[in-house]
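Here subunit A shows up in two complexes: once beside subunit B, once beside subunit C.
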Partner chain A sequence: MAERARLLARWLGSLAIVLIATMTVLFFLVRLTGDPAIMLAGPDASPQQLQQIRQFYGFDRSLAEQYVVYAGKLAQLDFGASLADGTPSFDKALASFPATLLLAMLAMALNLAVSIPVGAWLGRSRQGHARRVVRGVLSVLQGFPGFVLALLLIDLFAVELEWLPAIGYGGPVSWILPVVSVAFFLAPKLIRVLEANVQAALLASYVRTARSIGATPNEILWRHAMPNALLGATALIGAEFAFVMTGLVVIETIFAWPGIGWLLVQSTLNLDFPVLQSITCLLVVTIFLVNSATDALQLVLDPRLQQRAAAP
Partner chain B sequence: MTAPILELQSLCIDVVAGPTAQRIVHDVVLTVARGEILGLVGESGSGKTLSAFAVAGLLSERLAVSAGEILFEGRARSFVSEEEMRALRGGRIGFVFQDPLSSFNPVRTIGSMLVESVVRHQRLGKRAARAVAIAGLAEMRLPGSDACFGAYPHQLSGGQRQRAMLALALVNRPSLLIADEPTTALDPTIQLQILALLRRQSEGRGSILITHDLGVAGAVCDRIAVMQKGRVVEIGPCSAILGDPQHAYTQRLLQARSHA
Partner chain C sequence: MTAQRRLLRFAFILLLVLVAVALLGPFLVARDPMRIDLAARFLAPLQAGHLLGCDQLGRDVAARLLAGLRWSLGIAAGATLIAFLLGTAIGLLAARSRALFGTALRQVTIFTQSFPVFVLAVSIVAVIGKSGFATLVLTLGLVTWPVFARVVQAEASSLFTREYVLAAEMMQMGGARLLLRHVLPALVPSLSVLLVFHFADMIIAESALSFLGIGAPLGAATWGGMLNESRAHMLTAPWMLLAPAACLVLLVVGAHALGQRLREATA
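The block that comes next holds the complex of A and B.
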């Protein structure tokens, strides 16, 4: 129990350090690149607005004082008002989070649902025409930039066939194209890693043990080789999840998906620095959480990483 | 005398991967009777493991039985389908592998392996199979069988892993047990314990004990077959092989032992 509390404390400590470091970098970035008031207010701000901003952030005071004020505001999650509409910028960033989370979850679910069986099949099948065709298709898909794939899918299913809406976030049917675009962008990498892992696992000595107790080829693949193959892919799965939680700027823009990536583009175009700051803060925390979750998952799945239990 | 449990008739094993087949086991002839332990002795690379793999149908794809016949419980292997072979493996033939650490799946508990085997071969439910598995571990004198049941291979000592391997091989009461160097990596005390266990478990079934140590073979086996370069060069009762070796290679093995 004490051990657990200690681990939690250490974890919270590293989260705090990551956050403070990020916010400090942002603090100096704003002040190093010209007049921070103009940066924060945007180029079209009136002198009156500029004055307001200078007072709000305390730019008229010393750097140390400014930092204390800045830190105090951040501690209350006060990142200033959005320049676009005056609403609190952190709330705005937070509001875009669920859409990104939804897209990420669905895309990763589809990614795994496709990659695991295809990777397993490739890992165990011998050279042959079917295998060569599938691998060729994967190579092509892997070479495609994600947004090209998205545009092709829109062109085919929304424009030509008119089966699906071209832009998303209007209910499950509209989710299909964005989710498929993201999943098909991610799947080839995961499939390749799983293929290699399954191949290696099937050559391991424990597979002979599985055969020695009468396991069928399917049982050997799914019950003996696959757990090890998946274990070797957790790092990639975690990295792909972190990517979809933070890096879907283009896909979200194409599909007008009101997530973090979309907000990032909007705020950049508006030079809405408070919102950008809030988003940065949110993304840093997200990455930190995803990485922690990946580590935890690996620990749960790999008994060798757990502390040597009291041996019987 | 009753029919032997296992009979190898001029067993040959070839490497079939290359353009020309290359023979690595030549005309092995031997039998294993019920209640008997046959020692398979020979230097490293003499073909002991491959002969045993052939018996259990565990040869890798690059290797194949190219001539000869394996008669197990009177049935010729040529007439046994792959599906029937799976029922034999783990059910009628138990195999103890040379290296128990790499032979156990690192992410599977010992217990889950035993339960899988019991469910498959005895057609029991999970719960009943669990009881059988724990009893099987206890029979191998594994202290704290309940804890061992939930243990991962890396959590056990070398001796415990070897006992767990034996438990897995014997849990369905096979009529043939093949133990491939079960004591090589263990200290002398544990070696003796494992050998005693093998002796005890040899009752009512045929056993093959593979070892490169004539002393070990002499201590527990009823008969010994000496292998060299893929051939059985000498076979006979322990006393004859150890007391009056006919083949020059066996004499050298014995000499090497007395020097050590």
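The block that comes next holds the complex of A and C.
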């Protein structure tokens, strides 16, 4: 029990350090790269307006003083009001989160649904024309930036064939193109790893044992080789999940998907700095949580790692 | 030779051709990528001397592609170089010093790497508020160096325990000479693979940023910018989408193929 409490304390401690470091870097980045008053007011502001803003935000005080005030506000989750509409910026960032989560979940589900069977099929054998073609397609697909794939899919299915809506968040039909573009951007990497892992697993001694006691090839593949292949891919799956939770800036913009990446671009173009800060903070926490969850999942799935961690 | 190897070789040659075209570009195409000719709006490819047609302002797509290629290659090369130099230096330092300094460097590396790179790049460019070549190169380089630092640190720490390095140390070989003669040469294989893949990543990152209209000066010819402009004219002028998309994919696939070859050669 004491062991658990200590682990939890350490975990919370590192989360706090990461957050403090991020917010400190952001603070000094803003102060060092220019006059924040100009950034808040926009380039067309009059000198009086600038003076007002400096007083209002306390930019006329010393840097250390400003930092203390800034840190105190952050501790209460007060990131300031959005410059675009005056609503609390943190609430704004939080409100865009569900859309990102929806896209991330659907894309990861499709990614796994495609990668597992294809990876198993490719890993099973080296021979065959079909496999060679699929491998070639995969290596080309790996060179497709996600947003280029999205644009080509829009061109084909929304503009030329008019089967699907080109943008939107409206309903399941409009989800298809964004989800497919993200999933097909992620899948080649995962398929490659699963293929290699299945290949390695099929040569392992436990598979030989299973074969010798009469397990069928399908049993061996799905009950013995694939679970181990997935185990080896846990880190990659976690990294891909962290990526879709934070990195879909361009895809969300293309599809006008009102998630956190879309909000990031909007507030960047509007120089809405409080919102940018809230988004950054939220994303850092998300990444930290996803990474911790991945680590924990690996420990749960693979008891060998626990022993290694426990050993000095 | 399998189909995949043939594909790799093809992609590799293609990459070389693209780089050559970028270097020789101004001698090959005399057209100005910025010249607006409203009479030639949406001119289809292969008409009136416009090999790849014209865009919504009648600017020559081929000339813009070429200008975009030079921009992309320049940014990616610069950013990769900065990330490589910084990451290697920090990785070596972190591997060398076992005291608090080394631990701190390792923590900073992990912290920076756990950051959403693209988000960081977008906000830095926005905060700096200046667009241009130097801003973009610096931002991308300063945001992505941990990729190199992680690998260098991991490999160098194991090198520092090898007998030949220990022997050199015992013979009073100085720090700089030890690094240059015995540690760095051993890192060349993995670093060269990493360089090529990082270059491809930077090409993608630059095109994504310019797609969003962040980083490149207004109106400059960039592949990302061309892709963004093409969205409004997909039905009338599909070549505005397909030409830059094909170039971007070819460049990235070519770089990946080169990286793959290097990895196989050094494995």
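Before moving on, here are some points about what is shown:
Rule of thumb we're sticking to: the second predicted complex is superposed on the first by the 292 of 312 C-alpha atoms of A that agree within 3 Å, B and C clash if a C-alpha of one lies under 4 Å from a C-alpha of the other, contacts with A are read in each partner's own complex, and residues count from 1 in each chain.
Please note the rule applied: contacts are C-beta pairs under 8 Å (C-beta built on N, C-alpha and C of every residue); 3 or more make two chains touch, one makes a residue touch a chain.
As the structure is a computational prediction, the values presented were derived from the model and not from experiment.
In the overlay built on the shared chain, the residue A:303 is in contact with subunit B alone; subunit C does not reach it.
The partner of subunit A that touches more of its residues, comparing subunit B with subunit C, is C.
Shared-chain residue A:269: touches subunit C; no touch with subunit B. By the touch criterion defined above, A:208 lies against subunit B but remains apart from subunit C after alignment on the C-alpha atoms of chain A.
In the superposition on chain A, contact is made by A:253 with subunit C only, not with subunit B.
When the two structures are aligned on the shared chain, A:224 is found in touch with subunit B, with no touch to subunit C.
With both structures placed on the common chain, the touch criterion links A:144 to subunit C but leaves subunit B unconnected.
Looking at the shared chain after the overlay, A:284 reaches subunit C, while subunit B stays out of its contact range. Of all residues in subunit A, only 18, 21-22, 26, 29-30, 33-34, 39, 132-133, 135-136, 139-140, 142-145, 147-148, 151-152, 154-155, 159-160, 246-247, 249-250, 253-254, 264-265, 268-269, 271, 273, 276, 279-280, 283-284, 287-288, 291 touch subunit C in the complex they form. Taken in their complex, subunit A has these residues touching subunit B: 204-206, 208-216, 223-224, 227-228, 231, 301-304, 308-309, 311-312. Interface residues of subunit B, counted against subunit A in their complex, comprise 56, 58, 86-91, 94-95, 97, 99, 102-108, 113, 116-117, 120-121, 142-144, 146-148, 151-152, 154-157, 160, 168-169.
The touching residues of subunit C, when paired with subunit A in their complex, are 2-4, 7-8, 111, 114-119, 122-124, 126-129, 200, 204, 207-208, 211-214, 227, 230-231, 234-235, 238, 241, 245, 248-250, 252-257, 260.
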